[in-house]
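Okay, so subunit A shows up in both of these, paired with subunit B first and subunit C after.
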Partner chain A sequence: MATKASASAARLMMAPAVTLLLGWMLVPLVMTLYFSFADYRPLRGAFEPWIGFENYERFVTSSSFWDAVTTTLTMVGGILVITVCFGILLALLLDKPIYGQGVVRILVIAPFFVMPTVSALVWKNMMMDPVNGILSHVWRFFGAAPHDWLVQTPTLSIILIVSWQWLPFATLILLTAIQSLDGEQLEAAEMDGAPPLKRFWFIILPHLSRAITIVILIQTIFLLSIFAEIFVTTQGSFGTRTLTYLVYQRVLESQNVGLGSAGGIIAVILANIVAIFLMRIVGKNLDA
Partner chain B sequence: MARAVSSRARLGWSAVAWVIGLLIFFPILWTILTSFKTESEAIASPPSLVFFDWTLENYEVVQERSNYARFLWNSIVIAGGSTLLGVLIAVPAAWAMAFQPTRRTKDILLWMLSTKMLPAVGVLYPIYLICIRLGVLDSKIALVVILMLINLPIIVWMLYTYFREIPGEILEAARMDGASLRSEILYVLTPMAIPGIASTVLLNFILAWNEAFWTLNLTAVSAAPLTAFIASYSSPEGLFFAKLSAASTMAIAPILILGWFSQKQLVRGLTFGAVK
Partner chain C sequence: MGQITLNQITKSFGETQVIPPLDLRIEEGEFVVFVGPSGCGKSTLLRLIAGLEDVSSGHIEIDGRDVTDVPPAQRGLAMVFQSYALYPHMSVRKNIAFPLRMAGMDEAEQKKRVERAATVLNLTDYLDRRPGQLSGGQRQRVAIGRAIVREPAAFLFDEPLSNLDAALRHGMRMEIGELHQSLATTMIYVTHDQVEAMTMADKIVVLRAGVIEQVGSPLELYREPRNLFVAGFIGSPTMNLLTGPEAKKHDATTIGVRPEHIEAGDPDASPWSGTVGISEHLGSDTFLHVHGTGLAETITVRADGEVPLRHGDRVGLTPHPDRIHRFDAKGLRIA
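The block that comes next holds the complex of A and B.
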């Protein structure tokens, strides 16, 4: 029933949002693309607008690129495995009838609201510090030598910190999905004598598959650009340099804008591969 | 689904859930507790959980030494400003898409979502350069605009999913009863849209408050919000655990409280309506 007048009014109402986002997406991206083909090092006053694919070649062939890719994949993969597995277990647990459910829920969700710089610093100093951290107190209590987390196992440490932050997100989404499960189906299975593990495997898990996919995709997009957690803990040293951090270092720390921009474009392409899958799922949902 | 559960099983599950909940919450709890200790108690071994001399000294020192209030104010302005600006721009857009959908509405929504997936680092230098050229590096206005743009897709999406739940028949009924467009918007639609707008504001305020890529890279002194303030504690200087804890507690306390109210919206907002 959209009349012509209201249709053009609708276009007018959308115009600011669409224009702004279009500008936000295109202007900087075109600039990055332009810089990525240039020899641009502002501190040395070097600017040579066209050097072809040299930046890309140098970026991709340097060993730090492949290290960064490996680190990124290890971190994202590790965090995904931890958050999804524990997220499922926690969601199942929170779905049980428990005393003080509301309070437990808040305790579990709280880490998500802690700003990244705080959670990184708190873990670094209060939990993982080799002298004063709680974990080293625990280690000493059991008679073990304290572990210097961020020096001896830096990648694992960052995986743990970020997993702690994202576990609530996975748990909440999976809990929402579990609660939409038809209880009668489970009861019927229980009456037919299906053991808990089978009920989980054949009824709950298939029901959760879509929610799990969404958790994985959304987290991947956010996790590909984790920054603050590395910035305040290891500054990218000890093999914790992700692709995002590598590009940041090239661009802002060593001010090799051309090289960094080529890396940025590569990061954009990689992120888009994940994004396409997510968009398909969300798009399908729009029709429903 | 009210199934009879033996109280023993319930007690067992409750115990497990509480232990795990407290373990997950522990880093936050420990930080809050440590913020009330003196520096020497903060590094005591073995540490004491609650039996220490409670003091507010750290909070005073943090405020005096680093002017915490200024960072707090910057956080409020940046998170609040970007959210309000975003909502102002997004409400008409989401409104049009929900009530006047066209063939292209879906594509526009998906395209908006796709801008959210652009890794920030890919456009770091251009934005940095633009800020320098415009003379807005380390200014609150730049961050308000940038964080607004970052969260705009989420704001539009959330509002869209909320608006779509408002039944169109009500509008028609109001029209039949002779309501003008103005009173239709004012008295019929707005009351129904307010809860959705409120949850959107809440979630986006939280996201903007915690944003730590642009706030770290585009601020130095005058516009630095709490994220940057806390990051400045990353190099330890002597006895500082209790003060770090006090600073951290102050930075996260307001959001923990807001977060409590936003649990439900969190799922909806961050999954773009795919999980409700």
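The block that comes next holds the complex of A and C.
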């Protein structure tokens, strides 16, 4: 690819893919932008192409907006904490030579292959159901009154469900990172008088910092838009309405496309702020 | 401090026994080198002493204390690994201070010791760098620094120079030698390179397949190799080994003569003669590879650096009669 001719040939051949990708991304974005400045409520036949920032104002000033932002951040934060902590623990365990290692690893990865809708349904009906759920049987076995998960602790329940789905991803990334640690470093630390916990803290954890950064960044991007799990379980009630869900309700339940689009744009902007913020605090690990 | 005794120790990985029962005594302040071909169990033996591997049977004593079941950190030994095993996310200063920090030593004393070690090892200007920003030789010195600040009873080195280039290796060899002189602490040094063994050791332990073939000072091993393996392993270029009628003349199955104990001279006035093949000119010496002697395929001879012989020239060879090593059918030395 060193000559001018080959460079321009490459550009020419990449053009269709690039054009397609740009169209794919730009068309919806531009349409959303366009609708966000319009009063567009199809069922009422209302369409006024330019109403300025009215939609934005209404979306941001409604009380549900700030609740949704808080809920979103609580959920994403909770899921990140759970997946990273348990991911590290599981990765440490899986790194040890155990009997039936291959099978165990596949079992650990399995939840990742279950569709979000399906796993949410399974958790809702088989695990967390107050009457027939496995967890309520466990509660009753110990003589406690069954816990109605999705009503009494709805946010926690959704955090648990989504963490269960994302734990394999975190585990897998962290496991490969642990496997790349030079065993002699651990032995050197052992000879230097570091007991297991200190070896973890001073050697393993710093070695994992880059992988943890990657897990946090990737998961945040996906978790900001979790939808199916909320739709299937609580439908956004009991304080589980995230920003994504709020946008959905505005567009499809209230049939207010303009308002929903404005919400979508705000969500994009907020997601970018979060991403930049994350990059700032953890991104310095990436170039070490 | 630093006297180590191995008592009938063995080590097996699953079914395979890597170290058959082995006894060894390492005196206080000695520089002991374990030498042998790759895979002969040198590292395993060192790791057994360090406590990084458990012995399958037998006992290890350090300064009279049975440490067989004592964890590595409490054996009072420090190890320098082949890969250096520096902690990449810590500065050089933190790397060196790590064992002191783990021991809970107070900051001021830590700082003092780190700085003293840095001065000894010429690392003062690099204390705030990360290992990734250092050259191979500097990393090696950091690893040594991390070992010396602990003031251990003995140092263990596992092929510490094998990742360095030839010039640096020579320099580091000198530095480690100096270090041993100034600290006077027991050092156990593992290498597959017999030159390192010869130049550094007070005592060499030659290993083959986990078995000690011979223990002795470099000159003892050079003068009186106990068997054919040691004879072939120690000395560079390797000893010429001859079998057949020439060996019979000396009442032996095999005789060995080192290249430096053969005189090149007049082909008609010498007991052996042949044609010069490749000759390696080192300036100070010339190594002649002589063919067609009827004794062995090639005989290596060390001649003067400016010997006028060329490829294809005939040459006469005279071995020093009192420098001929004799070995019996089992390969053992005949006294």
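Assume the second predicted complex is superposed on the first by the 271 of 288 C-alpha atoms of A that agree within 3 Å, B and C clash if a C-alpha of one lies under 4 Å from a C-alpha of the other, contacts with A are read in each partner's own complex, and residues count from 1 in each chain.
Following the convention adopted for this analysis, a residue touches a chain if its C-beta (ideal position, glycine included) is under 8 Å from a C-beta of that chain, and two chains touch if they have at least 3 such contacts.
The model shown is predicted, which means the values in this text are computed figures rather than measured ones.
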Fit-or-clash call for subunit B and subunit C when the two complexes are aligned on subunit A: fit
Partner chain in contact with A:151 - subunit B first, subunit C second, else both or neither: neither
Subunit B versus subunit C as contact partner of A:81, first or second or both or neither: neither
First, second, both or neither for A:187, with subunit B first and subunit C second: both
Touched partner set for A:207, first subunit B, second subunit C, both or neither: second
Subunit B or subunit C, by number of subunit A residues touched: B
Which of subunit B and subunit C A:138 touches, first, second, both or neither: neither
Contacts of A:93 with subunit B and subunit C, given as first, second, both or neither: first
First, second, both or neither for A:73, with subunit B first and subunit C second: neither
Spatial angle subunit C-subunit A-subunit B, Cα centroids [nearest 10 degrees]: 80
CA minimum distance (subunit B, subunit C), superposed complexes, angstrom: 6
Subunit A residues contacted in one complex by subunit B, in the other by subunit C: 184, 187
Subunit A residues touching subunit B - in the complex, by the definition given at the top: 2, 6-7, 9-11, 13-14, 16-18, 20-21, 24-25, 27-29, 31-32, 35, 90, 93-94, 96-101, 103-119, 121-127, 131-132, 134, 137, 141, 164, 167-169, 172-173, 176-177, 183-184, 187, 211, 214, 218, 221, 224-225, 227-228, 231-233, 244, 247-248, 251-252, 257, 260-261, 264-265, 267-268, 271-272, 274-275, 278-279, 281-283, 285-287
Interface residues, subunit A side, partner subunit C - complex: 182, 184-185, 187-195, 198, 202-203, 206-207, 209, 288
Subunit A contact footprint on subunit B (complex, rising order): 1, 3, 5, 10-11, 13-14, 16-18, 20-22, 24-28, 30-31, 34, 42-43, 45-47, 89-90, 92-93, 95-97, 99-100, 102, 106, 108-110, 112-130, 149, 152-153, 156, 206, 209-210, 212-213, 216-217, 226-228, 230-231, 233-234, 236, 241, 244-245, 248, 251-252, 255-256, 258-260, 263, 266-267, 270-276
For the subunit C and subunit A complex, residues of the former touching the latter: 50, 52, 71-73, 77-79, 81-83, 85-89, 98-99, 102-103, 146, 150
